[in-house]
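Order of writing sets the labels: A, B, C and D. Residues in every chain begin at 1.
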């Protein structure tokens, strides 16, 4: 029997597979399809202090091997997440969940995290300083080490839960930003968020996305994600939560060899609602194929020699 | 009859289709397959002052919708290009060619360009400040507006031919770099070069590429390329030469709607050696389908309204 | 909703660039006309959402128009080929109301879900009528299938080459109805909104990420707050829509 | 080199995870054994390079081992399916020399091009012999086909389960040869380089971008400067190789 468990900030997960924020809602739609307690955990939809409708539609465009989204952090706001989503979540998910948080000022990030800190359902805070879909918003914080560190410090001051900083790949130097977050107290680094991209409709001659641009994700971005996970793994000591184009058990191993302690699955959930369950089912067999007994053995394995 | 002509720095091209540097050698291999005079022009393999063998192999890795290369600017050096490649080129290609140049110091860029300035075969200089595959090399120049401008100025000082700066997408702010090049005298902006990426072999648990990382290109990167062409088109007045994932006549139109005056085709040539010829053949029919009479009419068309 | 591998039973060109495909597979998750399926096609990342036109215990029918690369691939499919399908998506038309003479207004591909709806309404003993709108005579499809159900059918063409000249709303004159159901393009909806006087239901389209409510890609704002076209729709009541 | 659409005539499992596929299509660009074809497979960006095992006027044979996702897809192909192929790539084995008794040393998938080579050498009136190396008896393939050509064939298995126990070089004893040709894995080449005394030719593998000389993805350094495995190779003379 292979061992699929991994440890994130002292908490043991049954397996490293974590649906990524924004592709799993608050779990409800998937809990109707399968028992989502098979997951390592999951990261819920990016939550902000106030409710947000998000961007105008169309918000979605298809690409080769991926998709663009410009949802723009639609969410009911942290108060309703705490009063409605989390109590409902408790009825079908019995593991600590990852609370994904966005904000438009350092104070907002901190306040949202402070409120979620009080929730026993929340095991980790994943602070998204990288959403490309909101103006003057999240991505600004993720493109400079100073701002990313400022957000980290503010959040760390209001919570005792482990805090991951989720970074944008749309930067020249991901390593310096990851290090700044670690130095400011981050307990983990999640990467990557989406790459800023666009599509144009030849019939209308206009951008497909109402907001013009949006975030590219899916298999197409996996090589970029692997590279950044690899680079950041060498630079920080805290765990790296890797994501970007993962859609198979093989991809999970590849991400872990690059340096990920756990692996998130985003767009693949949208195309195949059973993607995470399927990956978890196949993981032991793929581990055996590649001679992996304990999954923790291979974290960062591609850096040896 | 539709009109496929475009004008680049005063020179009229029969069509906007230009094989991208590094995927077309010096034209020879393709000239054996078809009459390459059907091309708008082509950009020859990145040439440096001294000959280079490039990186160790494996240099190539496959990705979803694309590939990684870490060739590392293998080329015979500018002297041999001038003494052997260009005279041979003259026998099968009768249009001005784009000379793609790389370097490891500002002086080297300038010297290589100065030598190529004397060649009547060369219509444009495309200065690559963006190769991700050489240490301390090209990409450093392309990640800061100041360095990119310095290279631009040095090259402009030694040539009367139009100079395009070819930029890397691995940056936080492509617009500021493009603008710095324009301000320094660039006559065009080529983008994008490849995105830094990697793959890991599950059997060996090592990076597939000997150099660990390499440049991702192919359809997978098209949305990122379109976004950068769109952004840069709004910021500069000189023509934008768009590339990244183009493999069809439809892609050419999409790139031009984003703002490209001409369009380069890279990795697609490697998978289908007739890719550019096929695109050029289909272009009139696709133009008719989307109601385009003159191709120049749609340059930047997605910015209207 | 269920996911399954469905087998193409038939796939034939109708008029215009419309096609009819029959798929064999699990239909147990279908609860109402107006629901849709989401089809995975080789070589494309996102699925393609297509309305259920008709279904029985083990097969379903869709009508689709070739408009792009994905529907082009669909048109090439041959009997015996298989497709990965999410079936029974969305809330369809609500048909349990007290109306007696519902009017079905369909335009182009929007005609598809009205066929299953007509059957459901007839089963409920109601007296539906249908107005089917096309651009031109050469595009007309499925009007005979609607007639064969035994309901009055009017055809309108924008260019007047068959039936009544004009839009679906130009064919309203003299039709008695106490409710309406519609599926078609936005300009048609705006015309309907100006012309009809009863309550009714509209079916909406939006670019979708998932099609089952997970991604918020398809949100629209209604009088009852934000709704997902894929999960809370695609059918919405006239009363809740913000135009 | 030519590009064409080739039709699968047969595709059968041999021993181990080896398969033999016959393709019908243009072979006019093939000039020598040891050349290869480059196969486009649906769902993969890069083509898959596979050696020509044999060919005639309108068809060709390849032998391939399932080692990854692409070759897995190849193993599923059925007669009648078509493939986009670049044919006649690379410089193959040079066979015009004065040697009389060339020895063919093949390991695993490397056996494939030696079959066409053996035929060519026999046609030239030479007396080739072959040593075919496998991991184990259950993997042995094509030894009968080589024998049927009428040349002496020795089999070696690493585990000794059939033929001579050991590597290809362990089967050299008592074989008379005045030249060698080899295709197989790198460790085998290193053993050969230590054991053989004559001139000869090695066929190399490298990850390829294009396969026809355009991308410099497959370069290797030789005593005659940098060469492209795909275009200047895959076969190189012993004399020019830098180990």
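A few comments on the model shown:
The rule we apply is simple: contacts are C-beta pairs under 8 Å (C-beta built on N, C-alpha and C of every residue); 3 or more make two chains touch, one makes a residue touch a chain.
These numbers come from a predicted model, not from an experiment.
Touching subunit C and subunit D at once is no chain at all.
On a Cα centroid basis, the chain most remote from subunit C in this structure is D. Subunit A and subunit D have CA centres that are 46 Å apart.
Annotation: 36 Å between the Cα-based centres of subunit B and subunit D. Put simply, the C-alpha centre of subunit A and that of subunit B have 34 angstrom between them.
Looking at subunit A, one finds that residues 61, 63-66, 219 touch two or more other chains. Chain contacts: subunit D has no residue touching two or more partner chains. Judged by the touch criterion defined above, the protein chains form a single closed ring in which each chain touches exactly two others. All chain pairs in contact, by the document's touch criterion: A-B, A-C, B-D, C-D. Residues 61, 63-66, 68, 143, 170-172, 195-200, 202-203, 205-207, 212-213, 216, 219-224, 226-227, 230, 245, 250, 253-254, 257-258, 290, 298, 301-302, 304-305 of subunit B are the ones touching subunit A in the complex. Partner subunit D is touched in their complex by these residues of subunit B: 22-25, 29-30, 32-33, 45, 53-54, 57-67, 69, 71, 74, 208, 218-219, 267, 269-274. Residues of subunit D touching subunit C in their complex: 42-43.
Across the interface of their complex, subunit A is touched by residues 1, 3, 40, 44-47, 86, 206-210, 212-221, 226, 231 of subunit C.
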